[in-house]
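Read from first to last, the chains carry the letters A, B and C; within each, the first residue is number 1.
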Amino acid sequence: CIWPHTFNFDLTLDNLLWMLDFVGKAKWDAWKSLGSVSQDARQQYVDLIDSLLAAEGPAVAAQPTGSAATFDTLLVSTEDNITTIRLNRPQKKNAITVEMYNEVIKALEQAGKDDSVITVITGSGDFYCSGNDLTNFTKIPEGGIEQMAKDAGELLREFVKAFIDFPKPLVAVVNGPAVGVSVTLLGLFEIVYATERATFHTPFSQLGQSPEGCSSYTFPKIMGNAKASEMLLFNKKLSAVQACAQGLVTEVFPDSSFQTEVATRLKAYAKLPRNSLALSKQLIRGTEKERLHTVNDQEVERLVERWLSDECMQAIMSFFQAKAKL
Amino acid sequence: CIWPHTFNFDLTLDNLLWMLDFVGKAKWDAWKSLGSVSQDARQQYVDLIDSLLAAEGPAVAAQPTGSAATFDTLLVSTEDNITTIRLNRPQKKNAITVEMYNEVIKALEQAGKDDSVITVITGSGDFYCSGNDLTNFTKIPEGGIEQMAKDAGELLREFVKAFIDFPKPLVAVVNGPAVGVSVTLLGLFEIVYATERATFHTPFSQLGQSPEGCSSYTFPKIMGNAKASEMLLFNKKLSAVQACAQGLVTEVFPDSSFQTEVATRLKAYAKLPRNSLALSKQLIRGTEKERLHTVNDQEVERLVERWLSDECMQAIMSFFQAKAKL
Amino acid sequence: CIWPHTFNFDLTLDNLLWMLDFVGKAKWDAWKSLGSVSQDARQQYVDLIDSLLAAEGPAVAAQPTGSAATFDTLLVSTEDNITTIRLNRPQKKNAITVEMYNEVIKALEQAGKDDSVITVITGSGDFYCSGNDLTNFTKIPEGGIEQMAKDAGELLREFVKAFIDFPKPLVAVVNGPAVGVSVTLLGLFEIVYATERATFHTPFSQLGQSPEGCSSYTFPKIMGNAKASEMLLFNKKLSAVQACAQGLVTEVFPDSSFQTEVATRLKAYAKLPRNSLALSKQLIRGTEKERLHTVNDQEVERLVERWLSDECMQAIMSFFQAKAKL
């Protein structure tokens, strides 16, 4: 991979991917013809597309024995009253494909009904999740790019809805950097445990987009607008310690003992009375559930408009041009 | 007393008491017959009940001279424009009996109408308040255990309502550990001053219960869900410094100077214009008052359901079994 | 000036000014006749009024070249996609006159429509803003003091409304102490950068008044009631570091590098996609816009009542009496 491990690298594997299909497929020609785009930028773009479309390597973790292996992009297992949904595309930093979106929705639906007491979401490998990866939108549907944006919006809406409606305590075990929608969703979790190595980054405006995952409501509620806007409008990347100080994260652990300490906590939690936990969560979230659904709808509507805007296209081109000058 | 001064001891004097009547009276036989309960556990249970029902000793602080001594469980006095409501069962760590619930409601009603500028709630002795103590539910009413749960719920609802509707600034002077409903109510106070020795503990789920005191709404608002759920769902006990960092407490003072420093602050506050303070408080709380009443109703409804659930009964039995193995 | 640079000095130049017209004009005689007011207090009052009404000195910063110089109390300029509205009465610590209220409303209206990406509000000189300065209410209108209070309320309402409705990201560059409405409005900004020298003070109750600028809603949302009440009811003055810890301020900078560091940030922000920022802000604020307007209306209504109350008058007299004893 030609991209350095920097701020911009995260962008590449996150929101860029969400956009590249629209740009790559609908406006590729227009973009190529821009005189100001250097040869290097074009080559990097092509390389990037190639790398994105490359078949996945064999590094995917094996499905745990004893679990119903019905997922391709996730490892889902239930043990000690804990259902764990593990994003399992470590070589892609657990970027979320269309398939993974659908599988997470399905896994949450099952976890909501199984015998477990709490449900955990975590990632395989060094990353928690690098955000959206919609390279699977390979065909422009009959409705054209407008239909594609609408379909992507609907998928996102259903995905976020599955978190809003989830009936049991949700725990995020943030095992590494988190980007985009994997960060914005954290406001819908009950507990967020993070390794000190984790970072939290929502670079929406940099690519002409807007917040999702109910973060336009949950982030100001959690940390106030003066902190939330820094993240949601101005692309501030938080360290784990900063995210904890601002209330987005429950507790930060040293990386060396992260998995062990979190496992101890979760095992204790999962021994607590199941109904008491579920009903208490529903009591707490019930006061704002209707509002969360409304917020989700508004965020998706705005985002679909954004995807189809010239500004959003231009933002991506500018990003590539800036990269080309490095 | 046979219970060590630990985490579990707080539980004993808090939520356990709320539950023991239902368990002790309605399911005592069933519980005794459980083969897995050790002799020690049974003996400890009997000892506990005995100690709870023992007549109160003479250690109750004397009613301050000059005040209208109309309360048995409280010391209520007005001086320097400050009405102080002091929970006065120090030998029971100020656990709230049915009588105390009713007396606090009455004292708040009077304080709301008197000439004072601010109203203070504090505790006698080393504890602020160890939560509910419903050993006064000594007779199962005609309606059976369902009626008893309903009555207890109604009492709690009226108690919390008295705080929601209180028209003047409310100051909590947290002179020691606080447990259960005495913690959850803090979201309805204007100022919370705590000694460094104070702790804040809401162990609901451990005994199969759910949050009250409007905490299902106020706690997420104050500290965000990632911190609030740790307390309300997973029984995290906060130190005074932690509670202050999370916005539940206004300021923490060294124990040695706590009473002196707080008294100085309060005297200064009580010299401020009375109506300005009351109307400003009502302005701030007015935007959410209707919602607070709805939340209170929902919390009580859920809690009554919980009290009558098998899971809640089982949780208490498990607690005793765990104690018996120590 | 005979007033020392202390806590009380800020009061003098802030809320006092808001009140002095009503007191000075309508109840001046009654106040003078109070036997308990010392000669010194009366003399200081007269001196203060004189100093307030003195013509402004020549120290006003020059209008930047190239900008449309249509404002008398502001410096407004647009550069690098940033529109800056600078309060420009440094010799009065940027206290807000009736003219300045109207000019800020107008400047915000223009900035909302111009080509800039973000809008900045800051102050000339060492202060950010010392709050209200209504010495321009020089004539009691035909409707009497009631009409005067109503007019002042309407002006405040329109002023706050201009911030609620502002469509682009708003950045406060708090270059020094901030008092009164300049503090309460901060909850309506996206970013608040402060020099370490800044302080944040809302001494409403001390003069018998009540909160405005939507702070009765935004402050409890940002920092919880236990912290918000300390400011809004009990006149606590926060340092920049405290205000940042409580979420009112985004970030604090050393005074020596404040302007340079903030300029670097803002230039970077202003290069981000304009519509993405504006639409994201509107998405975030949209969920509470209707509520903010309601809160603004209620706050103004309450404040107008306060201005006409005897308690408010008495509070100012007590303030002067206390000063006289120094």
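Structural remarks
By definition in this document, contacts are C-beta pairs under 8 Å (C-beta built on N, C-alpha and C of every residue); 3 or more make two chains touch, one makes a residue touch a chain.
Model, not experiment: these values are computed from the prediction.
Bringing chain A onto chain B by least-squares fit of CA atoms involves turning it by 120°, to the nearest 5. Of all residue numbers seen at the chain A-chain C contact, under half occur in both copies; the interface is built from largely non-matching residues.
Work out the mean CA point of chain A and of chain C, and you get 40 Å between them.
Counting partner chains per residue, chain B shows two or more touched chains at residues 221, 223.
Per the touch definition, chain B reaches chain C in the complex via residues 169, 186-187, 189-192, 218, 221-223, 247-251, 269, 272-277, 279-281, 283-284, 286-287. Residues of chain A touching chain C in their complex: 204-211, 216-217, 219-221, 223-230, 232-235, 246, 291, 294-295, 298-299, 302, 305-306, 309, 311-312, 314-315.
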